[in-house]
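What follows is a pair of complexes built around subunit A, which joins subunit B in one and subunit C in the other.
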Partner chain A sequence: MLWVDKYRPKTLDNITAHQHIAQNLKKLVTEQDCPHLLFYGPPGSGKKTLIMALLRQMFGPTAEKVKVENKTWKVDAGSRTLDIELTTLSSTNHVELNPSDAGFQDRYIVQEIIKEMAKNRPIDTKGKKGFKVLVLNEVDKLSREAQHSLRRTMEKYSAYCRLILCCNSSSKVTEAIRSRCLNVRINAPTEEEIVKVLELIGKKEGLQLPSGFAALIAEKSNRSLRRAILSFETCRVQQYPFTSKQVISSMDWEEYVAEIASDIMKEQSPKRLFQVRGKLYELLVNCIPPEIILKRLLYELLKKLDAELKHEVCHWAAYYEHRMRLGQKAIFHIEAFVAKFMSIYKSFLIATFG
Partner chain B sequence: MGNRNNLVVLSSDDEENERSLSSNRSYSKPKSRSLVTRSNPNPRRAKKARISNSRSRLSKESSNVNEIGFLYDDFDEVFNGFKVSAGKRESISGFGGSNANGLWVDKYKPRSLEELAVHKKKVEEVKVWFEERLRSSKDEFGHYVLVITGQAGVGKSATIHVIASHLGARVCEWNTPTPVIWQEHLHNSSAGITYTSKLDEFEIFVERIRKYGLIPSSSAKEPKSSNILLIDDLPMTNGKVAFGRLKKCLHLLVRSTRIPTAILLTDYGEADSADQTARCSEELKLYLESAGACKVAFNPITNNSMKKTLSRICRLERFNVTAEQIDLIARASGGDIRNAITSLQFCCLKPDPLRSLSLCETTPTYLREKSDEISALDGESSLKFGRDETLSLFHALGKFLHNKRETENAMALMDQDEFLVRDKFSRLPLKMDAPEKVLCQAHGQARPIADFLHENVLDFLCEEAIDDAWTVASYLSDADMLLATFRGMLTRYNEAENVLQTAAASVAVRGVLFGNSHPSPSRWHAIRRPKLWQVEQSSLCNKTEIVKRRFTGYSGQTLSDLSVVTTEYTPMLKWLGYGTSGGLETHQDLMQDNKTEDNFDKMSLDGQQEIETTDDEIEDW
Partner chain C sequence: MAPLLQSSQPWVEKYRPKQVKDVAHQDEVVRVLTNTLETTNCPHMLFYGPPGTGKTTTALAIAHQLFGPELYKSRVLELNASDDRGINVVRTKIKSFAAVAVGSGQRQGGYPCPPYKIIILDEADSMTEDAQNALRRTMETYSKVTRFFFICNYISRIIEPLASRCAKFRFKPLSEEIMTTRILHICNEEGLNLDAEALSTLSSISQGDLRRAITYLQSAARLFGSSISSKDLISVSGVVPQEVVEAFLIACKSGDFDLANKEVNNVIAEGYPVSQMLSQLLEVVVEADDISDEQKARICKKLGEADKCLVDGADEYLQLLDVAGNTMRALCNMPQEFSYEC
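After this line comes the complex of A and B, so read on.
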């Protein structure tokens, strides 16, 4: 088992990084009624951990007995019936799924599942009808239509089930949904917190941590706890005992993006743009999300860039990131950004060095 | 019910009439000289006879070999009636009315090898082929089938007929029988006639031809003459099974027939290649060749020979048509001589062809000055006759990508009536039709057009012009955004979607044309198929893989986001080395690059089909 899973806090009391929030959630649940919840925050900040712990708090250890199901939903969509296949993770009291996996058909999924859940409600010990919890991941990736249908079903079936939504950015969730939920922002843990967690894991694994080593990993992790733990484990495999100057390897795709960035800096021509396109395709084939590619690329480019250009470049990156979201094929927009950068950078070079 | 039946009879009658007419048109009689004497003084009677005959044939529905000859005679009769008037053509045209008699296409059917507008070499090739097979003793050649391909109206059947008459051979034709419409079928079946599919008929026909050859017609006028079998029209097939049967049947024909047989296949333009039938004919062509048939491809008629034919007709009709006009017609026809002749006739119908032409030619004067005939075609004049030209997608893309523009001085002429734009934004006028028109001709759909342009445009930019690259890229990004706007909406938005599609295509094309202000020196570029399609396909594959494995891998009790899996877990597991913990094995093959490589290979092999399915899927959604 990966350390990330092995050392994941199981109960709200054990939570290290967001103790305050955890305590509040505990109070919330013990007071019987629980509103819909929307957890949002950057990746690796502990949203899932909190949700899992919360479910355990609500339903006891049964929440951990989950089974994976590959279900086909028959959806009646007006003129035809659709078969949508989706994998769900469920216990007696909750169902977890990623509706955005259904692609264009996500809007049907949400409705169907909630309807079905409403049909067979569990009965709690007091003979009172309880409610089920539906955990929806990546809500920000849902299409606008799906979010609308989610909103309607949310109201209609609110007596039967509670929704826990989870996403990275609440700005991509419609107002209507946000206002119907209790919004819980989970901040990225600070580097000190990460260091604390790493040291704890080190102690439990019985490892010798040289001073500054945990800090080094924390710094590299970009304040993502998951990332920190993962690279900690990688380091353990690569080289033990640790040295304080150990190289902490970054992810392969990140290195690849860095390579692309240096390609762009070296030459600005249509031909080079074409080569860059080929490399971008490589990343896309491996399912690296285009937003993340663009973000990382910007980060790499900014590292080497003259300060006076940074503002403009950032502006265009934001512009094309927005375009990408509106558009259909990400490569068009990423490439437009690269072309724009090349154009800016080239004229800058000519202006400075003649 | 009775009423309906009446109607059915009528309609079938109509069809027969139509059919006989159309076969008249496509039919040119061999040995016309010898048979004219047998001309029927009353064409109406002949027609009647024909109708009743064909109806009886329909009712019998069994194809008798004799029937071929019989039909043939039947045609003859109708034709002779026709020919009489044709023979008098000098006198009729003397009245000055071309409308007094039939179509010029029939009237000026080539009667000798010299009159054929087809290229001499091709005619010679076909002629030699037939000569060899007719003259020499049997079994000297392995096969007796000639496949002639070419687009519509290049004189495929005319060539056969002329050559046959030159060699003194009789042409026996197989024409696809008229399709039976449903009502007719009901009528027939109530009359106890069973339905036979057209393919069955063709199979039986081929079978008999193979076994018995052509049995001389019952009314044998010519005691012993050589025969040529002409299969002008293959029966329509629908679906794989029927197509397979047709193929098998043709294969047998190619292998075993001992009568020189010509099979005519019409090429469809590249532009229509999305059509199923076009693809079938392509496949048939290859298949026939592999079965051992000899193939001759006819090219579109060249402008010069087209002009020669047209002016000959004009001379004979005593119409004074300017060389310019003839040239225009010849160009507009796109190598289709049948069409050109009809256009010419139509053009001559006008009370004063000269004036109307000069009228419409006055408008684009600046273009005429440059004596650019092709652009002159663009004017009003071309719309009055000629076929609408179709372009292949690649042709159109080539136009857009090469971005040919006028030179400086032409620009000066244009300037007066254009509003001023800043230097930065002004471009020289395009050396082509409006991009939208070109798109329309190529049946271009916005999405593939944008993809193709995106894939290829960088090759056509000058090495230094990174600014241009950005302009182009930004316009393509706009186009993509437009295309995505109504994605996934259902039919009620179709109208809006159409507008958007057109707008997006226009933005993409014009963006490319505008942005590419420093085209690279023109040289040969291959236009590639968008790699993006492959990439999308394989990333979709990978994604479903990952989604499936997400649960087995992480032994956690929660689902991870896809992005987290791809950006963090996957590379991390790669670092850890495969298989540190039990549940992870499933991930390994995913990690290996050759996996995706494999996918790539498969994708490129499957090519078109693979990609088309995705397209369909996307449209579905």
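After this line comes the complex of A and C, so read on.
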């Protein structure tokens, strides 16, 4: 098991980072009428961990006895019947799913499957009427239609069904949904908190950490706990005992983007654009999300640019990312950004050096 | 720790008015519907307005008050966006519901029970235009025996031929005063203590959305006990702390792009919703004394554009960074146009 999973804290009391939020969540579920919850915050900040610990707090250890099911649902979509495949994780009292996996059919998941789940009240072994939680991941990726479809379901069955929604960017969740939840912001842990988590893991693994070593990893993690723990484990595989001069390697794809950045700084020509296209495709087929590529590319370029160019380049990055959202093929827009950059940079060079 | 087994409803549902007369602040529609209760005359209705202002509440209340619990199921059809409302459904479900005849209009069990059925189309703005068009005919065919209640946030998404068949009511955001009254009522029932400052904070952060106010109140009550301060409410509301907005503006004023970039990164890492950040920026900028009108105009124009991009699903970091760059250029009187664009 990877360390990120092995050392995921299981209870609200055992949590290292976000202790304050954990204690608040505990208080929130002491009564049985807590509102729906919307967890939001950057990747790897610990949302999932808190949600799982919260479920355990509500239902006890049974919440951890989950089974994974892969089921095909037959959904009646007016004139035809759709087969929608969906993976769910469920225990006696909760079901977790990722409705946006259904892509443009996500509306049917909300209308048919989620509503069905919310409607059916679980009966526990003692014959008492139960209480159920639906955990929906990545709600920011749900289409507007699907989000609209969720609204009334959240109100209608709220006597015995609570929703826990989870996402990165709450700006992408409609006002109407946000207004129906208690919004819980999970900030990225500070570097100090990350250091604490790493040191704890080090201790449990019986490792010696040179002073400042954990801090170095934390600094390179961009405040993502997941990333910090992953690179800690990579370091362990690469070299032990640790030395304080050990290189904390960045990920392969990041190196690759850095290469692209220097490529386009060196030469601005159709030929170079063509070469870069190949590299961009390479990243895309390896499933690096296009907006992540674009942001990383911008990050690399900003390191090298004059202040006056930064404004301009950032503007175009935002412009083409927006277009990418509206369009269909990501490659067009990343490439357009690269071409735009080349043109701006070239005129800058000409104006400056003749 | 006793596991949660049963549950009661969250406060928003617990305090949903059951009677039309208890709906606050929407006097016009309450007056018309109170009249309906006496005369049983009811036109088709269209309720529109922002979230949490009582639209669904009002429609459900009048339906219950007209028919009572016994007849409700057979006389009222509630279809919302959680139901598939494609053309087929409109053609079949609504038709089959509307087509079954109703008895004569006799009072039953103390309820008026008028001789028509009510079809509530909640969240109607998410219906496709085709489906709405299909409804026109249905409405006409069954106009004697059905009344339609359309409910939506945006009236512009309802096609004109439907809208023009209805009596339209705009649900206004609740005024601070009314909000305060409702909140005080809940505080009494739940044994909570709010001082004047907390009350006014709660009204202002909920921006006229009573559902939001109630959710904040309940969350704060769970987290901080029965004595709730203004600070407690802000911490559950997701409002961006004023220091963060200030720090962002200071970075922009400094003219140092890297500094601004750092602030943007911080906002993202802290997880503040950028849309919220934009609206708070707008407030601060508009009210600032040391920013000229021209500068304000330049900044606000971009804020609007960025907000639209966010609605389209654009990346929060990039949009905020673009706003930061633009704000910096405005505040430091740098040229608006880029130098190297061709």
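Please note the rule applied: the second predicted complex is superposed on the first by the 344 of 354 C-alpha atoms of A that agree within 3 Å, B and C clash if a C-alpha of one lies under 4 Å from a C-alpha of the other, contacts with A are read in each partner's own complex, and residues count from 1 in each chain.
The rule is simple: a contact is a pair of C-beta atoms (placed from the backbone, for glycine too) under 8 Å apart; a residue touches a chain by one contact, two chains touch by 3 or more.
Small disclaimer: the values here were computed from a predicted structure and weren't measured.
A.B. asks: After the match on subunit A, would you call subunit B and subunit C a fit or a clash?
C.D. replies: In the arrangement built by aligning on subunit A, the partners subunit C and subunit B fit side by side.
A.B. asks: Once chain A of both complexes is superposed, is A:343 in touch with subunit B (first), subunit C (second), both, or neither?
C.D. replies: Once the two structures are laid over each other on A, A:343 reaches both partners.
A.B. asks: Which of the two partners, first being subunit B and second being subunit C, lies in contact with A:103: first, second, both, or neither?
C.D. replies: The answer is first: A:103 touches subunit B but not subunit C.
A.B. asks: Based on the superposed arrangement, let me know which partner A:182 touches: subunit B (first), subunit C (second), both, or neither?
C.D. replies: second
A.B. asks: For A:273, select first, second, both or neither according to whether it touches subunit B, subunit C, the two together, or no partner.
C.D. replies: A:273 contacts subunit B only, not subunit C.
A.B. asks: Touch test for A:285: subunit B only (first), subunit C only (second), both, or neither?
C.D. replies: In the superposition, A:285 contacts subunit B only.
A.B. asks: Of the two partner chains, subunit B (first) and subunit C (second), which one does A:149 touch, if any: first, second, both, or neither?
C.D. replies: It touches subunit C, and subunit B stays clear.
A.B. asks: Look at A:171 in the shared chain and tell me whether it touches subunit B only, subunit C only, both, or neither; answer first, second, both or neither.
C.D. replies: second
A.B. asks: Mind working out whether A:304 is in touch with subunit B, subunit C, both or neither, as first, second, both or neither?
C.D. replies: neither
A.B. asks: In the combined three-chain arrangement, what's the angle at subunit A toward subunit B and subunit C (CA centres, steps of 10°)?
C.D. replies: An angle of 90 degrees, rounded.
A.B. asks: Quick one: classify A:326 as touching subunit B (first), subunit C (second), both or neither.
C.D. replies: Touch status of A:326: both partners.
A.B. asks: Tell me, in angstrom, the smallest C-alpha to C-alpha distance between subunit B and subunit C in the overlaid model?
C.D. replies: Between subunit B and subunit C, the minimum C-alpha distance equals 5 Å.
A.B. asks: Which subunit A residues lie in the overlap of the subunit B contact set and the subunit C contact set?
C.D. replies: In the superposed arrangement, which is not itself an observed complex, subunit A uses residues 78, 145, 326, 343, 347 for both subunit B and subunit C.
A.B. asks: Where on subunit A is subunit C touching in the complex?
C.D. replies: These residues of subunit A touch subunit C: 24, 27-36, 40-42, 45, 57-60, 62, 76-79, 108, 110-112, 115, 124, 128-131, 144-145, 148-153, 155-156, 158-160, 162, 169-172, 175-176, 178-183, 185-188, 222-223, 291, 294-295, 298, 302, 307-312, 314-315, 317-319, 321-322, 325-326, 343-345, 347-348, 351.
A.B. asks: Hey, which residues of subunit B end up touching subunit A in the complex?
C.D. replies: Residues in contact with subunit A: 450-451, 454, 458-459, 461-470, 472-474, 476-477, 479-481, 483-485, 487-488, 490, 531-532, 535-536, 538-539, 542-543, 546-548, 550-552, 554-564, 566-572, 574-577, 580-581, 583, 596, 621.
A.B. asks: Quick check on the complex: what are the subunit C residues that touch subunit A?
C.D. replies: Going through subunit C, the ones touching subunit A are 1, 3-14, 50-52, 56, 80-84, 86-89, 122-123, 125-126, 153, 209, 211-212, 215-216, 218-219, 222-223, 236-238, 256-258, 261, 268-276, 306, 309-310, 312-319, 321-322, 325-326, 328-329, 334, 338-342.
A.B. asks: Please output the residues of subunit A touching subunit B within their complex, sorted ascending.
C.D. replies: Per the stated touch rule, the residues are 1-2, 5, 8, 43-44, 48, 51-52, 64, 66, 68, 78, 87, 89, 96-98, 101, 103-105, 135, 137-138, 143, 145, 168, 226-227, 230-231, 233-234, 237-238, 249, 251-253, 268-271, 273-274, 277-278, 281, 284-289, 292, 320, 323, 326-329, 331-333, 335-336, 338-340, 342-343, 346-347.
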